[in-house]
Amino acid sequence: MNDVIDLQEAVVTLGQFPALTGVTLKVSQGEIVTVCGPNGAGKSTLLRLCAGLLPLREGSAHILGEDLQKNRRIIRQDVGLLGHRSGLYDDLTVEENVAFWGQMVRAESNEINEAIKLLGLDGRLRKVLVRQLSAGQRRRTSLAGLVVQRPLLWLLDEPHAALDSDGRDLVDGLIHEAAASGATIVLASHAPKDISSPSGRFVTLAGGRVTNDINNDGSGDGVS
Amino acid sequence: MEFRDAWAIASKDLRIELRSRILTNQIAPYTLLILVLFGFALDADTQTLRDTGPGLFWVAVLLIALLAIQRAVKIEDDDAAKERMLLTPVHSSSVFLGKAIALFIQLFVLEILLFFVMLALFDLSVEDPLLICVSAVLATIGVASSGTLYGVIAAGVGVRETLLPILLLPVLAPIAIGATRTFGDAFGRVDADGWAWFGLLSVFAVVYTVLGMLAYGQLMEDA
Amino acid sequence: MKFKTIESRDGQPNATSSRSTRFLGLCLALGVPILVLFAFVFSPKDDTMDDAVRLLYVHVPVAIFSYIAFGVTAMGSIFYLWKQSRWWDTTAHASAEIGVIFCGLTLVTGSIWGRPTWNTWWEWGDVRLVTTLVMFLMFIGYLALRQVPATPHVRAKRAAIVGIVGTINIPIVNRSVEWWENSTLHQQSSLTDGNLEDLTLFTWFLGTLIFALAYVWLMIHRFRVGWLSSEHDALGYGAAIEERKAEAGIDTEAQAQASEDGGPQ
Amino acid sequence: MEFRDAWAIASKDLRIELRSRILTNQIAPYTLLILVLFGFALDADTQTLRDTGPGLFWVAVLLIALLAIQRAVKIEDDDAAKERMLLTPVHSSSVFLGKAIALFIQLFVLEILLFFVMLALFDLSVEDPLLICVSAVLATIGVASSGTLYGVIAAGVGVRETLLPILLLPVLAPIAIGATRTFGDAFGRVDADGWAWFGLLSVFAVVYTVLGMLAYGQLMEDA
Amino acid sequence: MNDVIDLQEAVVTLGQFPALTGVTLKVSQGEIVTVCGPNGAGKSTLLRLCAGLLPLREGSAHILGEDLQKNRRIIRQDVGLLGHRSGLYDDLTVEENVAFWGQMVRAESNEINEAIKLLGLDGRLRKVLVRQLSAGQRRRTSLAGLVVQRPLLWLLDEPHAALDSDGRDLVDGLIHEAAASGATIVLASHAPKDISSPSGRFVTLAGGRVTNDINNDGSGDGVS
């Protein structure tokens, strides 16, 4: 089995605070995993750890086969992260932003165009500065950048936030499509109903560790 | 490192600057103001002004550089773009180079402008145009490189606005001093060996550029 | 890492000294009066500088040890970037702090010296003075950076780069008097010229030795303070983890209940 | 307007500054740096420096004030706190006063520090301590008031970093010139009528404070 | 009937763009109105207009009986807005932030304490800098500031965003409690199911105007 994510008792501290207190989690290729948990449980921290953006304090973490303790940089280009903040330039238009991030991940210009269309940013919005977008449009622009990247591991922090129902369906579609084509998806969410995945797996975080890990087929292996 | 990436990043920065028209509408007038302010603070006669001309020029360039560097850092900091850049295959030295190039171009354009203003205001005559050109280029490379490097050191710390000047000014000061002396020589106003100073400027330019390309990745790594 | 420090009964160090540092301190305590004796009583006046020459025995050693201190900072910084070890980071930080003190002393003693000899406290046109000041400020910036809230590793890395860049100044300050002969009032290297008298030379060496001791002594203590404070930061770690884990307590039960019910569908 | 509100706002600002230790760790060294830079750029003998001392002092204060004002605006801008303030019953003149008071205190503390550095470095002797004190207070009131007022004008425009200096410098320059002359007189170095200039400073202080209290609401209103 | 909000053909332009193209809407006291609509429909703009933060270009707007064309300032202290951005000071702690905003709206210190407790920010979080909070905790802090304000008109822009299920229940509880005590609530939301109000009214925005206005009892008066 090909483990895309393999965390063993991973501890991450933010400042002095242990945001993750020993997370053990395995995710294999093609899986769609939803991370739930109360506010401050450590969901965002977990995703950022998997993206190699945070140093590991204890334990071990292997992402896409690479050891994060050794080198956090190496996996980064195969990982896409949609965080709470969108990583866009306020003074560039939607099109310029997607094109820039597309260029950075070596996407073709037709891919860039397609992503813009796919996320409903075509027409008027193309030439609008990102500064002037509504919350949902901003989120869509950020997603478009992710779509052109086509990473092997998608880390989505509340991907449905700020999106309307069309947008939510779109994201669900994207997730399933990506999973079908072999990518792995981990998403943080408060409302697990949002994503209706037949093969969905729900991992519950609380107090910085996994308290529950349920497969939708009922074979839960609750960890107390 | 790929030069294509660096250029993409540089042109992105330049486009943002052009769009907000910072250069023409804001920094250029600011520059003029600084010169006027100095004139007032010194309250000196033309002779003194003529001697201090090159010094004022480079102090003004430094203060402008600080502003431009603050902007350059802010662009990446505002909405976590810096972090996003980490999740692309782009090499950190390309990012460094890209941002330094954008900074260089902005500063250089301003220097040209400022130069002619200075010529007119202080009534100076150029004796060694070649020395002026090459030393301005090298000093600006030094400023742009060290500025980009220090910009990322101060990035993301909340107290960036104030931390950056403190860290950066002592680094930039020697460059400014060197450039002041070369200019002084090139204007025939100071009895300094301009080309020796020019050597110092080259050393700075090379050291900071190399250091920046090596260290930038280390620094970008953690937010 | 554990030091051979004087420990209280509960095993916690209650001082940063150990037997060897106390010995070092003792040497220092004895050495200073001897230096004072030599500097003020035994060594002769200078022909041109009169009694003011006696500042030489402080001014020059502190200047040299500020170079050394900043050099150690640079070395610590380089090794930190290479090995990422807390030891090197603490070394760099400790040395920078002492270096700033020594550099400050250089500036102060120099100014005091300048008053009788050059008739001014400070001379802006003088390259050595100004380069020294720039170096001083650069490391003030370094210390400011170290105060910024950030994760220790991030802070250490950033500080390391600044520390390395800062040392570019050392050769500039040191060579400034030769590079810019005509824009300095400051002494050229008078030691290598060999025009110091024997006793003056001896006193100067004694001064250097005493300040070397002072540097080492301060360094050991400052390093230990830094090390212990980073250890102190880590002290609550276990408890913090437990407390954080306990946050899950209530939820765990609820979730276990949910999983019995077949989980969220 | 209620003074209690103003004080709550001022102490909030001061608390934020104290927490980030900006004053001691950053602005104070920055101040020193500016002096060094000037000293070098001017390359002047002590006599000239002594004459330009007061001018340099006020130019340094201006540059510091710019930093402090940038910070003060940024605090409100970062997370739309400015907008939230609009949805409270607090009168806008209290907000103005609160922010101006915080700025005044920060600047004044720095000025005291800078003053003693200047005395030592430039070897000056004070002839009229009263004039120094009152003119410093009034000039600082002027700077704090006009800075707060212009800070809100530049707020929320994205190009704040560069816009603010440009808007503000021409406003602050007259204050700086006035204060320079009063200081020059108080140091007995310039043959100016310090108390007449002091009158000018008072006018500025009053005008900007009144204007700020009246206009601030208007300006805050629209983001 | 006491109309808290009374908009007649209200037009609002942001820059050159007409974000609201003629909204007619009446909300009476004690009502809970949910504004739905696709991304960029103008929901946030509508709420900001009602808070008096945006100038009216055409039409008329009366909020709490005051004419916005005449004076936008006068209503402001009786209106509370929870926007996309939270209006907090990053360098102050949770407690200091809530206390400051409490002070600004003349709340008592025990009210401030209660609000902190109510929103689950008690204990460790009290002394944490807002900069270090998770997305949901930040949102809760912002809400605490609103709770101490106890405005007459609550304008909540996606109040459930970033909150966990506890938080959502809490917000729903707050909304109903406020409505019961005579306040009026307008909230923007993408997932109208989120709020389960028996007296709920759903207003759909699209293209900057109201396209649908349904009362939960079925008496919809659809506007095409």
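Residue numbering begins at 1 within each chain, and the chains themselves are lettered A, B, C, D and E in the order written.
Basically, contacts are C-beta pairs under 8 Å (C-beta built on N, C-alpha and C of every residue); 3 or more make two chains touch, one makes a residue touch a chain.
What you see is a predicted model, and the numbers here were worked out from it, not measured in a lab.
Q: In the chain contact graph, what is the shortest path length, in steps, from chain C to chain E?
A: 2
Q: Which pairing of chains gives the most C-beta pairs in contact?
A: Counting C-beta pairs in contact per chain pair, the top pair is B-D.
Q: Give, as an integer number of Å, the spacing between the C-alpha centres of chain E and chain A.
A: That gives a centre separation of 29 Å.
Q: Approximately how many whole Å separate the CA-defined centres of chain B and chain E?
A: Once rounded, the distance between the two centres reads 46 Å.
Q: Just how far, in Å, is the C-alpha centre of chain E from the one of chain D?
A: Those two chain centres are 38 Å apart.
Q: Two-or-more-chain contact residues of chain A, please, as numbers and ranges.
A: Only 14-15, 17, 37-38, 40, 55, 90-91 qualify.
Q: By residue number and range, which residues of chain B touch two or more other chains?
A: Chain B, residues with two or more chain partners: 20, 158-159, 163, 166, 169-170, 173, 177, 221-223.
Q: Where does chain C touch two or more other chains at once, residue-wise?
A: 130, 134, 137, 140-141, 144, 149, 151, 153
Q: Spell out the residues on chain B that touch chain C in their complex, using ranges where they run on.
A: For this pair, the touching residues of chain B are 146, 149-150, 153, 157-159, 163, 166-167, 169-171, 173-174, 177, 191, 196, 207, 211, 215, 218-219, 221-223.
Q: Can you list the residues on chain B that touch chain A in the complex?
A: Residues in contact with chain A: 5, 8, 12, 15-16, 19-20, 75, 78-81, 83-90, 217, 221-223.
Q: Which residues of chain A touch chain E in the complex?
A: 14-15, 17, 37-40, 44, 84, 125, 132-137, 139-140, 158, 161-168, 190-191
Q: Quick one: which bits of chain B touch chain D in the complex? Just the residue numbers, please.
A: 20, 22, 26-27, 29-30, 33-34, 36-38, 40-44, 48, 51-52, 55-56, 58-59, 62-63, 67, 70-71, 74, 158-159, 161-163, 165-166, 169-170, 173, 176-177, 180
Q: Please name which positions on chain A make contact with chain C in the complex.
A: 11, 13-19, 21-22, 37-38, 40-41, 55, 192-193, 202, 204, 206-209, 211-212, 214, 216, 218, 220, 222, 224
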